[in-house]
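Shared between the two complexes below is chain A, which has chain B as its partner in the first and chain C in the second.
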Partner chain A sequence: MVLLGTPNPESSRLVALTLTEGDPTWAGPLAGVRLELPVFHITEESIKAQVPPEVYEAQVGLAEAVLDTRAIRETLEDVRARAGAGAKEETA
Partner chain B sequence: MDLRGRQVIAIGERDGVPGPALARCAELAGAEVILQMTHCFV
Partner chain C sequence: MARRVVVRGARTFLAHAPGLVRYGSKPARDLARHEDLWPALAARLRPFAAAAAYPPHRVFLGALHPDDLARIPRPWFGVERAPAGAPDDARGPHGYLVPEEALYGLMKADDEFDLLWLTESFAAQARARLSLHPLAEPADVERVGQGKPERAIAARLGEPGALPLFLRDGRLVGCMQRAHEEDPSLAADVLLENLATKTTAGMALRTLVADGLAEPATVEYVLNAGEEAVGDRYQRGGGNLGKAVAERAGCLDASGADVKAFCCGPVAALVVAGALVAAGVFDRVAVVAGASLAKLGMKYHGHLATGHPVIEDVLAGIAALVTRDDGRSPVLRLDAVGRHPVAAAGSQQAILEALAVKPLEGLGLRLGDVDKFATELHNPEATEPAGSGDVPRLNYRMLAALAAGRKEIARDEIEAWVAARGMPGFAPTQGHIASAVPFLAHAVDGLVARRLRRVMLLAKGSLFLGRMTQMSDGLSLLLEANEG
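Let's turn to the complex of A and B:
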């Protein structure tokens, strides 16, 4: 799986789409290449909950305070839904 | 998504969360980090 630390929904979408459906800009070597990797952001609750709280706070806390975590989460949920079974948890 | 036992690629960004921070979190959650990087677009 892929864990992202991207700062906004736009960059999250670009990276996530590249790693699931292939480069959406068709500019790089992954254009048209469906890797179908499951992609998550470090601030998503399902990931955050697995990290010791003191470590999460030290490593991610400051960034999380200024990121639009809800928009990032919704963006990645949308990309995972688009990607279909290949990027879902059970096949990762 | 359970991180325990999974192989993880950590893609950080300078303006967000850097790769080493992602890797540290993933490892302590039980994952194996096989690649980590930090992008910078400045």
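Let's turn to the complex of A and C:
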């Protein structure tokens, strides 16, 4: 599993797609490589709940306060759904 | 008691370098693998007029204030014409932008070992171009020389170790040679990078001199703060480009040294310069930083994918002079230098608290007592298409959130705080060049005119990139209007 600390939905999508379907820009060595790794952002509730609150506040609190966490979460949910669909197609 | 220290002035320099984009690290690596990539990349290289009209460049050169840029709708690259009356050699109040023909001429004039060869026809063109430039002395034009026969250059390019040099339109104008057959530190690409750094740093310092902000004969020390590695195989990165720049800027009584701290370099050098003057070691210390050729075209892939021109097509330099108190220039508050200590946590929050909050607290001040913060000022039009986001905007929002967390402002005042005390990114993504110091000349203007009372320069450095530590770093300094 890969945990992201990306600053916006666009960069989250770029990295997440690279780690699932392969580099969408076809720029790097992961172009065309389907790693299909589960990708989450540090600000997603399911991740945040696993971090001691005082550690989370000290390390991530300020960034979380200014990031568009909802859009980032929706972006990653979309990428995970795509990856899941792709995985099903391949096994079907 | 330590003497008060001021920043007398700062100047900037830009060289349009579309022909050198192919030697940026990322394009060079990609082109080595896929030569057929070049036409698509070349088609997106901007002409000089577009680079001169580009609003972020005009801010870098002082023709626009960063606050003006915030009011210009994106995409900024859509502005392809300079306002009527703008000269060809775009000059802003803080510095010049020169075309690539002049850049090659200046680099040849700076080439002490005859390693850069220009063709005879281009040398004539470069001399003509340079002779029109207000900063070029007749001696510079003479140093360009007559050039070499094209067959001599073709012969060099037929041997290993020489790099062909081109203009934006693909015309071959010369070559850069290696200085040693077996020394990777003196390979042609390394020397080209170092020479570009020397020229851009030197031109920024010469602009400072030409504008009457520094008297070359009285400068005693030149601190270079760039990220280049000048040296040979036994002392890679041996350095002291500072003295090389002093020589070319006519600072004949000066010596120099380099201050290295990744992107924090220029702010670190300003602190060191201030300390040298405060302690009475020297009275006038210049701080210079030159271009990072390796970062040309760094994010070109994102630019091609999103219909942008190749935004990273300029080389940049910066120079400033630190002196004893003159009763007028902005005071460098050496009692409020913020540092990120080894023991501090590496989170953005911890870094900002160490750099911004702590030094201000020491003076009994709050974040709101600073009129403008200059952080990493990368042009978002360069970084966003590559997925790196708007770096300065994120920094400012975090600073504002810090102010909100400290009850200085309400949560719903964050946007207004960012607009008032921050600024849009406008600097070329040239590493240390983009880190706080592009605002320095604007800061001096504003502080002298009393439009601003306090400005904080806040730099962060990615030390981990060199693999010697996992740590980041940061350094900040406070400038204050001189109350006499």
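To be clear about the criterion, the second predicted complex is superposed on the first by the 84 of 92 C-alpha atoms of A that agree within 3 Å, B and C clash if a C-alpha of one lies under 4 Å from a C-alpha of the other, contacts with A are read in each partner's own complex, and residues count from 1 in each chain.
Basically, a residue touches a chain if its C-beta (ideal position, glycine included) is under 8 Å from a C-beta of that chain, and two chains touch if they have at least 3 such contacts.
Worth saying up front: this structure is predicted, and the values here are computed from it rather than measured.
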item	value
Which of chain B and chain C A:Ala71 touches, first, second, both or neither	neither
Which superposed partner A:Thr25 touches (first chain B, second chain C, both, neither)	second
Touching partner for A:Leu3 - first (chain B), second (chain C), both, neither	first
First, second, both or neither for A:Val51, with chain B first and chain C second	first
Contacts of A:Ser11 with chain B and chain C, given as first, second, both or neither	both
Which partner reaches more residues of chain A (counting touched residues only), chain B or chain C	B
First, second, both or neither for A:Phe40, with chain B first and chain C second	first
Partner chain in contact with A:Val60 - chain B first, chain C second, else both or neither	both
Contacts on chain A seen with chain B and repeated with chain C across the two complexes	6-8, 11, 15, 59-60, 63, 67
Complex contact set, residues of chain B against chain A	1-4, 6-13, 15-19, 21-22, 24-26, 28-30, 38
In the complex, chain A residues that touch chain C	6-8, 10-11, 14-15, 25, 27, 58-63, 65-67
Parts of chain A lying in touch with chain B, wherever the complex brings them together	1-8, 11, 15, 37-38, 40, 42-43, 46-47, 50-52, 55-56, 59-60, 63-64, 67, 89, 92
Chain A partner contacts - residues on chain C that touch it in the complex	30, 301-302, 305, 345, 347-350, 352, 384, 387-390, 394, 397-398, 400-402, 404-405, 414
